[in-house]
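Okay, so chain A shows up in both of these, paired with chain B first and chain C after.
Right, the complex of A and B next:
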């Protein structure tokens, strides 16, 4: 189990409080699809992803981003039980969706960068380090049911 | 040879014209030493790196950050010849400094975070993708002379 100090817990919560799930959620997923275009393979049913403009305007992309952040909220509120919190989601991504677990790391990077755009210098080096520890734990938990 | 679109060239040159090398270099390099502490092993001669405050105020960290940005500028000025531009630096990092090449992308990630927090909304997914591609080419060129 991952050990969290009081500072780490409060830093993660403080960053999370500043994130508007609607605003940030719609951005992160567009960022993943644009910066790492091979991830589009998982979203055949999302309609037009053929151009950057199309991706940025795509409602399904925005909605999926919001869904991912809503799921991330569970991790923020269950930092001591992430593996259990994400066991079902992990199994779903492995067995049914067949998502390459390396993609979780790409998404994690895009979330961090979107947060940096929003928080600017408020994401200090120490805060970035703590946030990255948190998001790596989430990525681990999401990979945990992959055999 | 890497093919750059006009958008990508303009985006990269635009970023580098907007940033202060001393500020961004210091911020990115100190962030790397703080977020990925094992990278400190390469800088034994830099004095006090014992905590984030020491790293952030260390003058050798600051000046080395600027050196890195000035080296990146060489790639920006000659985007069609990045491999040739970095041949000597690559040999240096491999043979003399013995730096694990995986670390190049860690620094790249921290630089992306600093640029994102400075440019904020202007660091759109499209600009982000161009910057990511640029860093990937830089890292690949720096890896070239390793065996």
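Right, the complex of A and C next:
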């Protein structure tokens, strides 16, 4: 189980409080699909993802991004129980959705980069390090049922 | 994932925009890498100060960005133009090439931080590909 100091807990929460899920969620998902286009394999039902413009305008992409960030909120509020919190979601992504867990790492990077673009120098190097420890734990929890 | 003509244009145009801040971005990125990925400190044990505010870190970050800028100007032949640097990293510094990806992540993060409006997903894509190709060229002489 990952151990968190008081500073780490408060840093993660402070960063999360500055994030508008509606605004950032859609941006993050579009970024993943554009920068790592092979991730489109999971979204055949999303319609037009053929151009960057189409991806940026796609309502399903935006909605999915918001949904994923809402799920991330659970991790922020359950930092001591991430594996248990995400066990069902992990199983779903493995058994039903058949998502390569490496995609979680790509998504984590895009989340961090989008947050950095939003917060700019307000995300200090130390805060970035703490956030990345947090998001790595989320990735581990999401990968935990892949066996 | 080789660079298309479009990728090269996007990278060159973005680099022209960030030119006034490349030294600062480099220093910031290196400092963040050393902070968020402590395993990378093993390559800089000879420095007295590895914090993000260290003069040594800022100077070296600027050096790295200058070399990357040079690579941008020679984007059509990355392997050739990085040959000497590849030998340096392979035989003298012996940096595990896995770390090039870690530095690239922090460079991208800082570019986005300093130029959020310009670092669109489209630019992010081309820059990500460019840094990957750069890393490959830098690893050329390893084995």
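Some points to look at:
Throughout what follows, the second predicted complex is superposed on the first by the 147 of 147 C-alpha atoms of A that agree within 3 Å, B and C clash if a C-alpha of one lies under 4 Å from a C-alpha of the other, contacts with A are read in each partner's own complex, and residues count from 1 in each chain.
The rule is short, and it goes like this: a residue touches a chain if its C-beta (ideal position, glycine included) is under 8 Å from a C-beta of that chain, and two chains touch if they have at least 3 such contacts.
Since the structure is predicted, the reported quantities are computational estimates derived from the model, not experimental observations.
With the two structures aligned on chain A, chain B clashes with chain C. Within the superposed three-chain model, A:21 lies out of touch with both chain B and chain C [touch as defined at top]. After overlaying the two complexes on the shared chain, residue contacts for A:56 are found with chain B and with chain C alike. In the superposed model, A:35 makes contact with both chain B and chain C.
Look at A:121: by the touch rule set out above, it reaches both chain B and chain C. By the touch criterion defined above, A:113 lies against chain B and chain C together after alignment on the C-alpha atoms of chain A.
Under the contact criterion defined above, the residues of chain A that touch both chain B in one complex and chain C in the other are 30-31, 34-35, 52, 55-56, 109, 112-113, 116-118, 120-121, 123, 125-126, 128-129, 132. Chain contact summary for the complex, chain C toward chain A: residues 28, 31-32, 35-36, 52, 105, 108-110, 112-114, 116, 119, 121-122, 124-125, 128.
Across the complex, chain A meets chain C through its residues 30-31, 34-35, 52, 55-56, 109, 112-114, 116-118, 120-121, 123-126, 128-129, 132.
By the touch criterion stated above, chain A contacts chain B in their complex at residues 27, 30-31, 34-35, 52, 55-56, 109, 112-113, 116-121, 123, 125-126, 128-129, 132.
Those residues of chain B that touch chain A in the complex are listed here as 27, 30-31, 34-35, 52, 55-56, 109-110, 112-114, 116-121, 123, 125-126, 128-129, 132.
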